[in-house]
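Lettered A, B, C, D and E in written order, each chain numbered from 1.
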Amino acid sequence: MFAQFLQFLFSGVTVGSAYALAALGFTIIYNTSGVINFAQGEFIMLGGMLAALMAGAGIPLPLAIIGAILITAMVGLVMEKTVIEPAQNAQVVTLIIITIGASLVVRGLVQIWLGKGTHALAPFSGDTPITLLGATLLPQSLWVLGVTLATVGALGWFFGRTLLGKAMLATSHNKLAAQLVGIPTGRILLLSFGLAALLGAVGGILVAPITYTSYDAGIMLGLKGFVAAVLGGLGGGAGAIAGGLILGVAESMTAGYISSAYKDAVPFVLILLILFFKPAGLFGKKSTERV
Amino acid sequence: MLTIQNLSKSFGGVHAVQDVSFTVKEGSIHAVIGPNGAGKTTLFNLVTGVYTPTSGQVVLRGENVAGMSPDLLARRGMSRTFQNLQVCMNMSAIENVMVGAHLRLNQNLFASMLRLPSVRKADAACRDEAARLMEFAGVGKYVDAHASQMPYGALKRLEIARALAAQPKVLLLDEPAAGLNHTETGEIEALIRKVAQSGVTVVLVEHDMKLVMNLSDHILVLDYGKKLAEGTAAEVRANPAVVAAYLGAAA
Amino acid sequence: MKTSTRGLLILAVVLAVLPLLLPNSYYFDVAIRIALNAVVVVGLNLLMGYTGQISLGHAGFFGLGAYASAVLTANYNWPPFAALAAGAAATGLLAFVLARPVLKLKGHTLAMATLGLGIIISIAINNEGQWTGGPDGIAVGALSAFGIEVAGEKQWYAVAAVLLLAVTWLALNLIDSPVGRALQAIHGSEVASRVAGIDTTRYKVRVFVLSAVVASIAGSISAHYVGFITPNMAGFFHSIELVTMVVVGGMASVFGSILGAALLTLLPQLLSAFEGWEVVVFGAILMATMIFLPRGLVPSVGLMFSARKRG
Amino acid sequence: MNNQSEPLLEIRGLTSHYGRIQALHGIDIDVRRGQLVALVGANGAGKTTLLRAISGVQPVSGGTIRLAGADITRASADQRVRAGICQVPEGRQVFGPMSIEDNLKLGAFTRPKGETAEQMERMYALFPVLKEKRLLPAGTLSGGQQQMLAMARALMGKPSVLLLDEPSMGLAPLLIAEIFRTVASLRDQGITIFLVEQNAHAALAIADVGYVIETGAITLSGPGPELLDNEQVQSAYLGM
Amino acid sequence: QNIKIGSVLSVSGPAAFLGDPELKTLQMAVEKVNADGGVLGRKLELVHYDDGSDAGKANGFTKRLIESDKVDVLIGGTTTGATMAMAPLVDKASMPFISLAGAVVIIDPVKKWVFKTPHTDRMAAEKVFEDMKKRGITKVALLSETSGFGASGRKETQAVAAKYGITLVADETYGPKDTDVTAQLTRIKGTAGVQALFVFGLGQGPAVVTKNYGQLGMTAIPLYQSHGVASDEYIKLSGKAAEGVRLPTPALLIANVLPAGDPQKNIVTNYDKTYKDRYKVDPSTFGGYALDALNLAIDAMKRAGSTDREKVRNALEQTKGFVGTTGVFNMSAGDHMGLDLSAFRMVEVKNGDWQLLK
């Protein structure tokens, strides 16, 4: 009984960590521009696909990983430069639609150049399951969880402690004021896309050995990442983790105890209920607008 | 007309308004003054239902309305302007004013969709009246403008026009003269006086002492959320505590 | 003449002349799909563009209408219009019940909540295969009333065109009315509208229900027209598509919605020649449109026009 | 005062548009080093637009802006801050959800890290209420408190030219006097100041030079006290 | 004038890995036919639209093919949903139509103008149950995908189980894009008396299931898959965990191990080779469905001696002993697919490769 519960929990935590990593990318771009970047899922996909293909072509795993991360980050930067920057003064919805367009382009190009096949990436530390109290866990899950926690820690430090991090937040709160104190808002936005793409790639690479990857792998992870990010309040690392884990564990518990058919629906019901009581998300700050 | 009893509001540890009581007489002009952060705006927010009081009563014409939502208060004749402008930038200037008249117009969804003649006629009349009110508030030249194209000072007056469109019984003005020069302040002063003369009770927050002293029948002074003094302009001006905390020697 | 009246007249003329120019029933088919999409998008724009409340779940309502028609007519032999009405009523009721808690949310949380709603609806349709036919979909009979059946592309075109014209007229009226201004005021400043006596929650609920019902009705009619529906039409991607139509056409622009629906329905047809590159080209066009016409087709072009006239 | 020194900020023929509406029609202004220059004008005259143009957050359609002889007309906003132009914007524009302390730190974004703490203490001394609330989100401050924060934030950037857009708006009388004293003392510390004020009397009284702007064009200029005596100015802006 | 072959396939979207090889195969085959002189002295012309895995779009494109492009025969409907959305239109337009989708409903009841080439999901379930019966398995856990393929498979599996004396003791599902199914598998593991696990899904999902199955150490319960995973990619993705997995597959997958005398040996090795040469990837059985559809149509046109729709349809219905990559087709008025269970071969994964079970 308990072993079963534990197994559900492991499964939920593994998937949830992946969602959390995806959520972090959303959080970064949201926190600098107020934009929900619908292309975030494509960064995840790119990371996984590039790493898998490079590793498949015989490049040593560490090199393949670094290469995939760098290329994806470049894609993020190019995307910001070519389509976000020219529209910088547009409304947020406009920018969101642009990111939808960008995601279509990225996905379409990957499909043309890299094909529609599904690819696997070798797990970093083998695939012998670890058994714990009757439940099993893949070593790769620990990688996902570990890197997620480390990333959250690093981001927490960056946004909470460094001036550059604060400048990024300030840019989203009030772009005019940010310009007036000398923050180069253009470069900040560029940086945030680069960072989000980089993080997306890291996430995509980490989960690829567990989930496999293909040109359309980013859609689902992106969607779940968005949900996790909003659930967490889009505030920062802690929220993203909480959001991701809640979503992941709710899914696996639903599949385990209620009905696998409604495993994608029940978590949404839960999340709606949570939002009804905490409209700003779990870790979201209440808005401080005054009249 | 309006009686405030032991009204308090705190945000976490900040006691923005503490145990404030006062009465506003019908048809009078009542000013609330005090240093920055004294709780004036918070008091307005409590009275107009934007915030829910932590404790205390707001009695409007015999009815305790504390905690009531702003739209219900609007139905009871309350209207206001904002210190931090709340103009609808997605609409034209005149439409902003027409929104103020909302309660007097047909609110039926189907009547609106079908554009029934009665709706159309009332709407046309409302538009004319809004234009008149804009003229009255001194922003007549912006009748055809979009709200987003108007300068700050004009927007302040647009808010006054919108508040007047509701034909309120009580009108609360939060710093109506902020951002206006002396000449313009003089115009606002005349406008407020006219409004009060038409029978509207006016409560007003303002840092321009000339305007406050000229207009007010009664002044309430807040400091650190508490009542510091109360009385006529002359009384308040003579109060050493008020001079020390707020007016300074110059005034 | 007011611009909105003029626009309505132009729309009527275009809709009336179009059939003379369409070479075969395939073109009619595209026109009909555009009109039906436009109906949904005009309704959604009332919610999004005018009232400022985003919905990423509107395809759910569209799907509810479509499936109500399909299931009730196929499995229970209801007359089509009764099924349509029942679907609209049920959708409206659902939207009404959910609107209050959902519309308390703002911005991205609202987006997520509506997204969740849509997803729950589409999962339910997908899973309850014994009624809905599951992921493979379900066939829908013809649209008929009083023994008259809508048959052939020309008749369908007439139905869709009249529906679009009616919805456009109603929407234009609404916008230029006290209720419509209340909706726009909510978008502009919620406090200010409440202080003006507008019960913001009530109005948000009303417009949410209204747009959901419009989507449901359009869903029912589309279902009868296409003759076959799958859970996709209630799915997340369709919701995104609808939102994209609103934004590309122009937030808070009724005619923009119609143009947005037309553009995004036509594009995939035009791009089918690009073999494999359709998605890329589609994405690029989407981005270019938004970069060069950031407020959407109609408002941006409108601005340019008036600039030329004066300057 | 320093009337003979070279102009630090030199604006020539500046024009600016909002879409198709022209808001500035060829503005010429000289601000000399160490001077306090006041600009007065009615609502909508274009004061804010001019300040935004100087700071580089408002597109300029013609004319030039020079800072210490260098043409900065096309420089980006952050380059101008680095060059020493800081602004207290209209409507305060604080970073609402961020703490007061973070707001101040960001004010020193272009400055070396080492001097931030010291400068911040100076600001807290100037506006004690900010110290009291330093960990609270700036958005919860009252209107006047936000105005103080906006002023302090701009000063954190150690400006050589300080642009002030109605710094006294919404402040209590005591504080207005305080603000004008502060402005005057900043000038005495050698900071060049360009002040936009509705409180024309107080502004012109301390200004070395005053300009009057009407519908986007400069219509009058001269030494501050002289303008105070000008009949036109008196009737239009001083309510006399 | 060219003979126009119209096709609507899901080349993008969730069903892309089905539609993509289908389109590639059609393009390749049409070129080949034209190089060899065409059909009835005329060249073939492929007019293709991608429905993006959306049945509503498939419906629209079908109208376009019929009304605007005026094609002579229609191939497509990658998924059952798309096929069913197209079916009413071909009926109205009297257009011979060969579907590439699996579900029984497409041809049962028989629709005058609709044919199909893939095995039905019912046959797959029967083939699997046959094998289970041989091994004495009676209690089976079913894990199906919530896609059209999986849902229909689930329905047919439930329908035919009793015929083979099999009880389904667990009935779980997973989403096509799920990345982890350990929860469902744990539940199955905890169900009393499960003797085998039958997975009905397409693409990467079954590979995830297989990997989780290995992770949970469930090897004591034999794992069966459907023909939906009949591709080398499945073994590559699942790795070690795939050892011992059994599934029914068309001959194409095991072209190289097929005995020399097998009637299909020739056609499948040929297709396998040409596809690999042209596209540098392994062909999949789905592409084979498309090849068979095109060849069936050509065969029918030749026999009919014209492209007259009615005649082509009648010729299609009279197809006998036609050897395709999927099996040997024998159509009739009552059977618009014409395949029997012999078209399926039962294979097992051994040492990372397919092994034909006797």
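Here is the rule we go by: a residue touches a chain if its C-beta (ideal position, glycine included) is under 8 Å from a C-beta of that chain, and two chains touch if they have at least 3 such contacts.
Heads up on the chains, UniProt names are A, C = Branched-chain amino acid ABC transporter permease; B, D = ATP-binding cassette domain-containing protein.
Nothing here was measured: the structure is a model prediction, and the numbers come from that model.
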With one step meaning two chains touch, work out the least steps from subunit B to subunit E. 2
Comparing centres built from CA atoms, which chain ends up most distant from subunit A? B
Can you name the chain that lies farthest from subunit C, using the mean of each chain's Cα atoms as its centre? D
Please report how many Å separate the Cα centroid of subunit C from that of subunit E, as a whole number. 36
Return the distance between the CA-based centres of subunit A and subunit D, expressed in whole Å. 42
Gap in Å, rounded to a whole number, between the CA centres of subunit D and subunit C: 49
Among all residues of subunit A, which ones touch two or more of the remaining chains? 111, 261, 264, 287, 290-291
Give me the residues of subunit C that touch two or more other chains. 127, 191, 276, 278-279
Listing for subunit D: what residues touch at least two other chains? 140
Subunit A-touching residues of subunit C, taken from the complex the two chains share: 54, 101-102, 104-106, 108-109, 111-113, 115-117, 119-120, 123-124, 127, 191, 236, 240, 243-244, 247-248, 251, 276-280, 282-287, 290-291, 294-296
Sites on subunit C touched by subunit B in the complex: 52, 170-171, 173-174, 176-182, 184-185, 187-189, 191-200, 206, 210, 252
Would you pull the subunit D residues touching subunit B in the complex into a rising list? 18, 21, 40, 42-45, 48, 90-91, 129, 136, 140-145, 147-148, 166, 169-177, 198-201, 235-240
Within the complex, subunit E is touched by subunit A residues 4, 7-8, 10-12, 14-15, 18, 111, 115-118, 120, 127, 129, 136, 138, 207, 210-212, 214, 216-217, 219-221, 251-253, 255-256, 260-261, 263-264
Going by the contact rule set out above, which residues of subunit E touch subunit C in the complex? 11-12, 48-50, 52-57, 59-61, 63-64, 66-68, 79-81, 84-85, 87-89, 103, 105, 146-148, 150-152, 155
